[in-house]
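Read from first to last, the chains carry the letters A, B, C and D; within each, the first residue is number 1.
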Amino acid sequence: MHIMEGFLPVKHAVAWSAASAPFVAYGIYSIKKRVAEHPEQRMLLGVATAFTFVLSALKIPSVTGSCSHPTGTGFGALLFGPAAMAPLGAIVLLFQAILLAHGGLTTLGANIFSMAIVGPFAAYGVFRLAQAIKLPFGLSIFLAAALGDLLTYVTTSVQLALAFPDPVGGFAASFAKFASIFALTQIPLAASEGFLTVLVFNALARY
Amino acid sequence: MLIDQNAYTNRWRQVNPAAKAVFGICGICAAFLAGQTWLAGTLALIIALITIVGAGIPVSQYLRAIAPALFFLGISAMTLLVSFDGSGITFTGVGHNQAMQLCGRATASITALLFLALTTPMSEIIALLRKLKLPDLMLDIAVIGYRMLFVLLATVRQIQTAQAARLGYDGPRHAFRSLGQMIAAVTLQVWQRATALDLAAETRCSNGTLHFITPVYADTGRDLTVALLGGTCMIILTLLVP
Amino acid sequence: MNYSELFRFTDVNYRYPDDSRGLINCSLSIKRGSRTAVMGVNGAGKTTLLQMLNGILRPDSGVVVFAGQPLDYSRTSLRSLRSKVGFLFQNPDSQLLSASVREDVSFGPINLGLGAEEVNSRVGYALQTVGMAEYANRPVHALSYGQKKRVCIAGLLAMQPEVLVLDEPMAGLDQPMQAELEAILDTLHQQGMSIILASHDGDFIYRWSDHILLIADGNCRGNQETGRLSSSLDALAALGLGTPAVLKLYHALLEHQLIASTCPIPRSIDDLVTSIRQQSAGMRSI
Amino acid sequence: MNYSELFRFTDVNYRYPDDSRGLINCSLSIKRGSRTAVMGVNGAGKTTLLQMLNGILRPDSGVVVFAGQPLDYSRTSLRSLRSKVGFLFQNPDSQLLSASVREDVSFGPINLGLGAEEVNSRVGYALQTVGMAEYANRPVHALSYGQKKRVCIAGLLAMQPEVLVLDEPMAGLDQPMQAELEAILDTLHQQGMSIILASHDGDFIYRWSDHILLIADGNCRGNQETGRLSSSLDALAALGLGTPAVLKLYHALLEHQLIASTCPIPRSIDDLVTSIRQQSAGMRSI
């Protein structure tokens, strides 16, 4: 779930943009180096951006029977590395804002932070950790994709709770409120995404 | 894609994208400056009318474009209205004011974003960002990304249709399997297509960056002036009302 | 069970979500056991029509009847339709997704919920029929374009359909591959399968089909026997479709009395060559 | 500057990195100003040969000479070659880089370092030539397959090449679109452009080309004038390529003396029909 245009107060919009900027800048720096060594990577990153956009438009059945859209960020981070996902994700979020009115320009920074920074880095970190403690490959992939998805939504809940603290219970109550709406309902969907990502890697391994 | 289609066919297609961006950004600024909900609502109405009447976007398509955002806004606003205080759920006045203000701001802001999105093709937005000196590499990725998303979208639809024709989506178990296979197949295509595009660029004497010609817009001066004037009017209006 | 009418469309209308035209008030009938060719220029609505036959597209209004049963697009109705109507898409790469040929052909039977043994025997038989048995364990991406098309057909045959619907099956195939595919279609037809295909190759359609469905700008122009096509050449021209080359020649030869008016209307250049040879032989024997 | 020999291959060998065969000891010569067709079944090496002409592939051994100059595959030599030899890939979706038609066509000329005014006028002229001027402001994803192909050609023409190399240009196009593309190629050829294309459609090649390069299993079987093809039908059959339909008929008619032996060898069914009509008219006037 993207935070829509105009939803965050000015201070928050600016702050999240400032928080995302160094990651995007570092991401650009890192892909610049890649492209300098392998010029054909320019096209690859472009097609990967398109693919991330298309993935996020897919409907996947959830274990609960409802349908959801995968974030695809975990999958992307595992294929292209988490650093590259910040600039790629930024472009995808810009496309979604302008082509689908999904998300927005003033909330671009906040959405980049949750979807293109926290999600990918969490997925990648979980994967490396799981591999380090010698979990099976499939389980590592599942945990990476599912937790990457889940942490994205936890981040979104934090962002909303910070912007709109509960008049009675403050940040904590507000976080509980948003988390129960966005993150909790996301648990089965995160499991679906994790499961799907495992299937994709299985299929890829067979080629 | 509905918004994309309108971006190419609307009446203001030939207006300089810089002018449209200026007006859209002014609209977003005004949305944030509008203190009162009714004022933000009026602003939203004005911008929507300008888009529909001025750029000639059909009302039905406009509503279809804005509906998902408004639906999300509705749910979020309800969340703000509700409050937990240990003993149970209550409705608070503070939450009510906050929610109303938010609805106004977000609605006005989304109409301003839609103004730009419905009148300006993505290629021209990217070209505009290039003039604003954003990193070439980012914009090259955006150019290819925008071009290829339609190609990949068509591929995904084709594959899913073919799978469905062989009963691949008959029940969630089959659906998961088919989806996994489809994503894996398209993932492999990502590399093949990138290689093919790189080759095609090479054969056209590519020197690395994807530079293109920028279209010449008639009446750029006039359009920019009108956009600036209109945008400033919106901002002043919101500032004048206490 | 054996309806002589396979499909009937009554006033079928369809528009794509992007508002582009699909079919307009289309009514038609397709016979069981026929070789029906849907003929029209690109964008005329051939693919739209074909996709209705497999329930891929659902009419905005109007009725599609399959084997006497109107389609209601429920899950069970679609399941039953799709298990009886195999659909070959134009691009084999969007159909072949598995790593190996065998795995891909088994996709349909597995979705039908068949047991492993049955699936295996069907896969073997289907690959045999299209002459790809020895490629069962090959990776799909190592196949040529024509081989991929044959594997796609095997994937459909493994579901043991009654009808085969093929969208531009000859596109992208060179002459020898086209001949092979035509032979496969002939075999299947002889085994009693109904075959419906779309093509923009007038010469091929004229040679191969027994019924032709003309379509232009989303309008179905009726179903006629292929043998009668020679009397509606003006209609073809009006639709932007050229006259089959063999008919042009036949008429020129007839007009200038170079062949007898008793000469049967040829369906292919080879037919015409044979007729010319026979005619000469006949004259010599007199 | 005006070499009558455009390309010369001497003992060119090429194997793909995955060890599949490309070209074997291929020697050939292509004339400037010709319409040369590379003919062979799928997988014979047509695309490999064409890609050598643009420096996309580099021979493992042997020499490719362009306009009297052996290619040395340095950056400057490739750049100069590619500014003179335009290459049309089979799939337009892997050739078009920008979603904006105008932008895409401008890509080549911008890379040549031309000024904005010159680029603009070239883009306009190129789109005009392929009949796509009114589509300049449309997005590529709203175009049909045939229109995308024409935009690709415009992208090449805007670089003002001397040679156009086209890989299976007719694949996927229906009859009217094929006719349009053929007309575009005719115009370009009349303007002095050399055109080299690969196709597996014998009838089209026989009608259109003035020189034919036969290729089979990576072996180049020499370059011959299309008019002389009728004397090497056995060679065609041996390569798995059918005889052009019109030649089959012509020979049958000739054999049975239904047409005069003075009748010129026809290049298309339409040619033959015309000959028949003229012959009858001639007889009547006597």
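In the analysis below, a contact is a pair of C-beta atoms (placed from the backbone, for glycine too) under 8 Å apart; a residue touches a chain by one contact, two chains touch by 3 or more.
Going by UniProt, the chains are B = Cobalt ABC transporter, inner membrane subunit CbiQ; C, D = ABC transporter ATP-binding protein.
Note that the coordinates shown come from a computational prediction; the quantities given were computed from them, not determined experimentally.
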| item | value |
| --- | --- |
| Shortest path length from chain C to chain D (each step joins two touching chains) | 1 |
| Chain centre separation (chain A, chain B; CA means) in Å | 19 |
| Chain A-chain D separation of Cα centroids, rounded to whole Å | 47 |
| Distance between chain centroids, defined by C-alpha means - chain B, chain D (Å) | 43 |
| Per-residue multi-chain contacts in chain A, two or more chains | 203, 207 |
| Per-residue multi-chain contacts in chain C, two or more chains | 97-98 |
| Multi-chain contact residues (two or more partners), chain B | 4-5, 122, 143-144, 146-147, 151, 181, 184-185, 193, 197, 201 |
| Interchain contacts, given as pairs of chains that touch | A-B, A-C, B-C, B-D, C-D |
| Chain D to chain C touching residues, read off their complex | 41-43, 144-146, 171-177, 200, 202, 240-242, 245-246, 248-249, 252-253, 256, 258-259, 269-270, 272-273, 276-277, 279-280 |
| Complex contact set, residues of chain D against chain B | 54, 56, 79, 82-83, 86-87, 89, 91, 93-100, 102-104, 106-112, 116, 119-120, 123, 137-142, 155-156, 159 |
| Contact footprint of chain C on chain B as seen in their complex | 5, 155, 158-159, 161-168, 170, 174, 181-182, 184-185 |
| Complex interface listing, chain B residues touching chain A | 1, 3-4, 28, 31-32, 65-66, 68-69, 72-73, 75-76, 79-80, 82-86, 90, 92, 94-95, 98, 102, 105-110, 113-114, 116-117, 122, 125, 135, 137-138, 140-149, 151-153, 156, 172, 175-177, 179-181, 183-188, 190-191, 193-195, 197-198, 201, 208 |
| Complex contact set, residues of chain A against chain C | 203, 206-207 |
